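In the two assemblies presented below, chain A is common to both, partnered first by chain B and then by chain C.
Moving on, here comes the complex of A and B:
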């Protein structure tokens, strides 16, 4: 087992901010690339994200938690359980997704239409859209954000959930 | 608290103000009473307390009523206090805030500080007893001390005497200390004269410094604890550090100097050198304190301090591992 070295947080406050931002950006890029919308902390520790096999260095779990907390504060992460062992990771914040979705709805003149969640992310009409293929958990949160702004309403349809846009 | 009498607070003729202090609370013995915020005045004859919120409420105690005073140091959340032990109230005392009290002492709590100075002045007035020499109106004279027929506790007299002795001894110690100081000042003056004369001789190249003067000077230094005065011979032309530094400077400055026709201002040199030293880190990629110390010819401790300072200023960032503490150029800040 390779020895694990420490990558501490920088003591200089400005540098630390930049350091944390760099880590956050790395996490989001990684998850976007690998289309990973959720992870457990244990997975994260062993993933190439925090475990550099070539250098034989790992980010210690305490530092990982600080990075994750920073992502949570920024709105890109949500804990899926109370013990903080697994999390949802959204490379775009729900509000941003919501905006994109609503823009497409308006552009295509489909206000006051109803969609199933599946249609939105997997329908033919959305193939060219960025939110095509978005995972359901993130989609739901995006729609909830729109709901807050009274631009949409999540409803129950025959075989699941859907959404009505205003 | 039954020793206080109501008063207008105006000073009598021959009565002078010594000191006053705001933010004073009075305790009856250990008990808090309603007089919690007032201005305390010390005159040559009395202690006067006036309520800060209600100026009509004003009361006083004659200094002659005071047996002795004590200091109580401030604590956490507690203000410094003066404890004032009092003679019993005479039967014909004027009306005051309390008819009777089970306590024979009061406490003055200095919530806005000022206790030290007040205590000092009060002690002085207690010692000097100026009220005995400066008669004031009859009404103030009624309480001159314990009434005849009352037995005075022996202990109190002893305490008073002790306080007096203590005061005299403190005075004596201070004077003696100042004596030494005067002697030191005289010696210092001699030294200063000698230094001036040597300095002038050097300046005017006026004859040689006599051997006698040199010996006197060295002996002065010795008496001050400087065993081996610094001279050009003993110190030499520079330490290891200076020599190393000189070599490094030569390396850094050669090309820039040539570019500038062989002359540069000192400010320019300073900037160039510091920048170049910073560059040492980025060229090599990283440095530990030991490596840096070796590089610039500095002690490891000093080298570490420099690196830490550079980190504080955002020029370097750290990598703390089992292998040690390494510093890298701070690309976090220089590259977005």
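Moving on, here comes the complex of A and C:
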């Protein structure tokens, strides 16, 4: 049924840019909605994200890889292994999460406080914050971004990891 | 000696004088009419159509120039000028999505949306007139008849008769194929292919190689109701490297 592809994506360069932008937006919305922070490429291929059964259209794996690479360039995706079979997907970039977290810390006057990672994302105090419920992998990267800016330091606490804010 | 006075020349002169007087009277009446109904013109789309038709009958174009009697007395020029600006804004905002081609219906919807609840009503006839003015100003606007309506072209893509007739064919389903073109228009394969290639090149068509049977060429400009999730111009701009 499917013809052989000469072009994985739209042949017109400008149209391809629009297409890529639309796919990137869709991937991030999808993952945000389904609270999916990581995926394998195989999963992605079969998920309703890239395989629309109703429309009978699938994005070929070569195109999927181009979309994923685009997301990586924008800072929304990180490969979790060398063979690029699974990835972390962050609908907000780590720097953006870092900023939100730091704003909350400052606003609540908690600079120089120490938190466990769990407290930050699952504590009562952060229930109303956007980063409440954030997955650990993304949280770590957000804190690493803050660490780069000397606004935080990731430390070891009694049963895991924590962070001190400056 | 020849008798002068009554002859073809004199009759023509007399007729001319009469007509001139009539035209003057007509113009004065029209001016009076216009000043009485200035408000009406701004508020009522139907009234505007009738007024324009009336002007056309006597060979007057109320939109002919920015200065002068018509625009000053009536603000007709202002109305269409402002509308022209709104039309350009809508086309620019949606260009990323449809390549600079939009149906008159969608343009109408978007213009009304932009004008808000308390703004004056605007008809499709108003839009066409405003666009004709924009066209005359050399802004790259074009009007393409398709099906029972019009496609408005806001980006000066080069579209000849072949291209527009294929656009008209695509209006039914939002897409068109080589087979359909050959069957409906009785063209050779090569001619059909060239037109489709051109539409792809102009960014007006998207290629679908997974469609059953043969490649489908989709025209986003014709999609209006088929979007379930939109990417806004803002998001598109942010997403581009």
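By definition in this document, the second predicted complex is superposed on the first by the 158 of 166 C-alpha atoms of A that agree within 3 Å, B and C clash if a C-alpha of one lies under 4 Å from a C-alpha of the other, contacts with A are read in each partner's own complex, and residues count from 1 in each chain.
Here is the rule we use: contacts are C-beta pairs under 8 Å (C-beta built on N, C-alpha and C of every residue); 3 or more make two chains touch, one makes a residue touch a chain.
Everything quoted here is computed from the prediction, not taken from an experiment.
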item: Which of chain B and chain C A:84 touches, first, second, both or neither; value: neither
item: Greater chain A contact set [chain C / chain B]; value: C
item: Which of chain B and chain C A:12 touches, first, second, both or neither; value: both
item: Chain B versus chain C as contact partner of A:35, first or second or both or neither; value: neither
item: Shared chain A contacts, counted only where both chain B and chain C touch the same residue; value: 3, 5, 7, 10-12, 14-15, 18-19, 22, 57
item: Parts of chain A lying in touch with chain C, wherever the complex brings them together; value: 1-3, 5, 7, 10-12, 14-15, 17-22, 24-26, 29, 56-58, 70, 73-74
item: Residue ranges of chain A touching chain B (in the complex, touch as defined); value: 3, 5-8, 10-12, 14-15, 18-19, 22, 57
item: Chain B residues touching chain A - in the complex, by the definition given at the top; value: 311-312, 314, 317-323, 330, 332-333
item: Touch list for chain C against partner chain A, complex; value: 96-97, 99, 200-201, 203, 206-210, 212, 214-215, 229, 231, 235-236, 239-241
